[in-house]
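This is the structure, below, for whatever I ask next.
Letters A, B, C and D mark the chains as written, and numbering starts fresh at 1 in each.
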């Protein structure tokens, strides 16, 4: 008598026993519950529950949002390569990419709703939009793109073994799948804009000489740097997750040539990014910042944010992985591949961290001290809740949906 | 063909989709926004016709005129009265939020005997009995924070009826004795620790004359006055006299050290000049500068109420002590009081609006109204060159069960008159004398008292907000200002290697709003902070921000250390402390 | 003002595109239902998700290809490759009533076999009888239930013809023929459906026949062994190769759901 | 601030006003009267006990700065900081996603609309002067104190940003008075923010920078006057002036190492 659980799993793939799965799920569920409690406190009692303040108006959450959205960029970029540029090898990971993208974006939006002081007014931005604000662009694009991801996620769900037995679902999925290129196109368009706008968010802060950048038309240079870096980080993150999942589940999920391909894509995008980033930094040091009365070196005069952070970002987490990923022989070795991919992801996180935290920590008033900030447990809990949420959604999707079509052929 | 579950799902799905196209969800959304605008717990400001009323500030001896903006009967903001002779239209920070004081915590609301409610008659009886039981060498004392008011005369009348009674006051109650300072014509001030720019006399008046004043501040601490003075002369606490002597020598053409010489030069270049501070040396300086009785110097005025500095009352002599505590100002130190009381069952009565300060130790607490809660008075504005008087009509409803200190004393003296009667008498007297003129706040006009028809009219005018100022006295040089006691020099011992001095202290009772702003802007050091030079601090094994214990001959207390290179090495600055030798160690 | 127009314009365009996409796919789905293409589409959607080993081209059996995966969802009627190869093949009419015997399973050669183990047999009266072949029959011997379509229903080639419940698994049998069900018989050993093919003519190009059957079954048996063998052990047949009448009974601890899905081409 | 008829007539030519301040740092005694008056005027609630200097709300905030030298060469000064009412691509107004920050072209006053604010705090990160404050708590007054609120200004709700708006309420009141008297233009000095009115040292001069005759315009042109972070190019309308060179150094320069050695 087959149990309901295995009835839901895709055929031809082995999954852990319900017991093992439960043991895996439980700690994450507990973490999620704890995090939701913390977030609830912030919503009910107000943001005084956090350690943000008038000077550190952004904190852990904004850093989280920026990072996960950058890592989630894999969804749009893989979709772009697969459906628009017809790189069919990427079929192997597209489902996983979509799920990851959905997790990242929904997680970010959830965190944002806790982060704002008046969540009930979220729709004001759509009602009285200030189109000159980067944040408006971000809000619009992210909401739209989240819808896109949802629509892309639906077919994957409908193809679940039980659900597909309902003919109407299967037919709808079939028809929807035909239109995927359209969605991929829209998604790419939106992603380009909001990834960029997220960068613009800081680039336009003329009051923060550390973050302010000159640019083209209405867009500061960070706008373009963010697009490029996100596009580079996305594939790297998919590579990393795929490798991680196959390690944890002990299964071969994709053909051996897929991961190196992802690595190569990431490397190809990372190198120009690092190049442009370096040029941008030089321009900033020599022209932008001095023009506004700030010698760039003084930004790095405050411990712990010394100049090392800049070097780490550009060389350690940029040039190094790019070179690794661009050498075929190194790409062949999973160890190097994973090492480089994790460097890329960490690099993106570091970049977003610097822009969020260091920007706010640096004083602008001449008679003003350098500030430090440490998130409260409620903030951290909310942060962890998003992580736990991601792991849970992914675990369930992996167990009951077909995230890696090649798995069933590789499994025997 | 029945109604299957499928149909139900279809129906609910359809209706959900349809609902989006009805106005319902959108209006709901809109309502949430409205709700978020008047979030529960946001108070509604008082409504009511906006009126302007006038009164006089009694929080300190400055006697500033106050214009109150009221919604209905509720004052919602206070501001100065333009053209007011004493305050020149200014109010200090504390004065601006005087109308918050009534809502401060630890108010005394009913008569208490050792913390238990008691009928005021019982308290009166107890005091009368204690006074009757006074021994030959025991005195009845009344502490009057602000001698010179009509209330002070009530006190004196009552005390004069007793065998041995003493009318006490704080040392600095009348800084210049029977003299005012002719700031308008002064060109230079040599100040020995006087907070000239930080609450001295009437802030408005001082600052209005700042532009033509050269200020030399002789003070150990780098106080706010010191920071704004033209010259800051840091001297070791107790070294003031020596410096004064040096300046005196320099003024007389004698040799002196460079700093004294420069000070002397400044004073000579900017005459008329005055010296502020205590001690014979300062008095001598003023004599040399010829600042007494001359324009731009100390000018005599008519009113002066001699009162005993409580510090000079012999220790262990006071049997019955009545302490009046005003709404503002620095509270009387209980350590001092204890020294003065007789060892066996003394009786202390606190006539105060507050439960803290001396009231904690008092046998009886007679709750007094705070500023603006009852009709009150302001005596001659501090440092005024002419005697003055103004009423402080109440703007707030009195919560009842409150007894103005003077009222209590009147009842002790079995006087049937009320405090209001006393004030009326004062006004009548002013009218009878017919000297001077009143400045009415509402129209900023001065009227000769002589031209006012009757005492009743004067009373009415004063109730509407007005200050009476006496005519100036003909200048007479034979007078000497009552010199303040010299700051006693501190001799250090191995046990007490450091000098403890007073940092500028936050007021004991203030609007929560004001204390919030001071705390958040870091404009005032916290009350329990000990500020020391980093070298001194490390020398004593302290770290910036650590808790520490300060001990001095008069006792020990715990503080939080703050390192500040601006402080004189070897000195500890703590708010509201009297200078003495001290030691500090890590807690 | 202009920026407002541009920005909001873009935003609403995006919204329009998204909703249009959804609406379009919904409409198309509805249209498919009307056009009775549901079964075909279900098969179309299922086929790519089948493991590669189940999607091998029939010409691999006959050795014409070493490795080829079907890309026409087993509908050889639309496959040029098949047409070409079939043309080369000598098209002698299948000799009547001779049987192939593989591992003790009888596969009469007068029938056409569907990859989902249904057979189709054209009757003189122009109808086609449809039944389960020997392997299929033994996989679902003594079923708990048989759900046959009502007479008059239209069955699609590669669409669900009827369902059998065995060991709690609901197995759907793929139809080898398009047509209208004219009669049903609930007889495990004989035929299940009598179908009048569309256009009155039975096109069997997509079905296995003659020489293809032996290699096909041989391969199927290998897979059966693999599927029945408990994980990790070498595949063995309890009865030395010849499957017993009720395979299910012989392997009580086999995951019957998986086994049936494997052989009846289910996801 | 007296004015001759000719000035008023020139003023009444419909030229938009550009209200601004000149703060004399040599007069400021750091008494805090401006902060207090501001808080009273604008119904700023007393802070919760758990509030820190960085979570409290002080539209007007007096900073104490020092030349960093040790005793006895140490020198200190006070700098009242408030919204500097940036006049050119105002950083906060540009970034607000829902137009809750608006710069009034007629007065140059940058105003915050708390009832539209989402509380995203982007404007706070954008402000170089840290003159914007977030309501981390529900506003609460000790019992009785809420009776003393200013009826002309609505208290803000939790979760929104607020800041100095040159006592906008007073401007409206002044205009209403003027309209009642049938005047279209305000007399100089008819409208002053609470801090200006309260300063006992008269250290703050307020007025229309566009009116060349006004004292504020004259002082702003003065050689001793400067603006903080002028190089950011946001055209702040708060000028500071001092004769003490070290104060100008510490306030105007952006090289922080020396100030915080």
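The rule is short, and it goes like this: a contact is a pair of C-beta atoms (placed from the backbone, for glycine too) under 8 Å apart; a residue touches a chain by one contact, two chains touch by 3 or more.
Predicted model only: the values in this text are computed from it and were never measured.
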- Higher number of C-beta pairs in contact (B-D or A-B) found for B-D
- Whole-Å gap between the CA centroids of chain B and chain C: 99
- Please work out the Cα centroid separation of chain C and chain D, and write it as a whole number of Å. 80
- Message: Using mean CA coordinates as chain centres, what's the gap between chain B and chain D in Å?
- Response: 29
- Note on the structure: Note: chain B sits from chain A at a C-alpha centroid distance in Å of 60
- Task: Provide the list of chain A residues touching at least two other chains, using ranges where the numbers run on.
- Result: 118, 121, 124, 129, 132, 136
- Which residues of chain B are in contact with two or more other chains? 36
- Task: Identify every two-chain combination in which the chains touch.
- Result: A-B, A-C, A-D, B-D
- Query: Which chain D residues qualify as touching chain B in the complex?
  - Reply: 26-27, 29-33, 35-37, 39-41, 43-44, 46-47, 51-53, 56, 58, 61-64, 66, 68-72, 74-78, 115, 138-158, 194, 197-202
- Task: Enumerate the contact residues on chain C facing chain A in the complex.
- Result: 3-4, 6-8, 11, 14-15, 17-18, 21-22, 24-26, 28-29, 32-33, 38-39, 41-42, 44-46, 49, 51-53, 167-169, 226, 255-258, 261-262, 266-267
- For the complex, which residues does chain D have touching chain A? 48, 50, 52, 54-56, 63, 65, 79, 81, 89, 91, 94-100, 116-122, 124-130, 132-138, 157-161, 228-234, 250-257, 259-260
- Give every residue of chain A touching chain C within the complex, in rising order. 1-2, 6-7, 10-12, 129, 131-132, 136-137, 140, 144, 147-148, 151, 159, 161, 164, 167-168, 170-176, 178-179, 182-183, 186, 189-190, 402, 405, 408-409, 412
- Item | Contacting residues of chain A [partner chain D, same complex] | 46-48, 52-58, 115-118, 121-122, 124-125, 127-130, 132-136, 139, 201, 204-209, 291-295, 298, 301, 359-360, 363-371
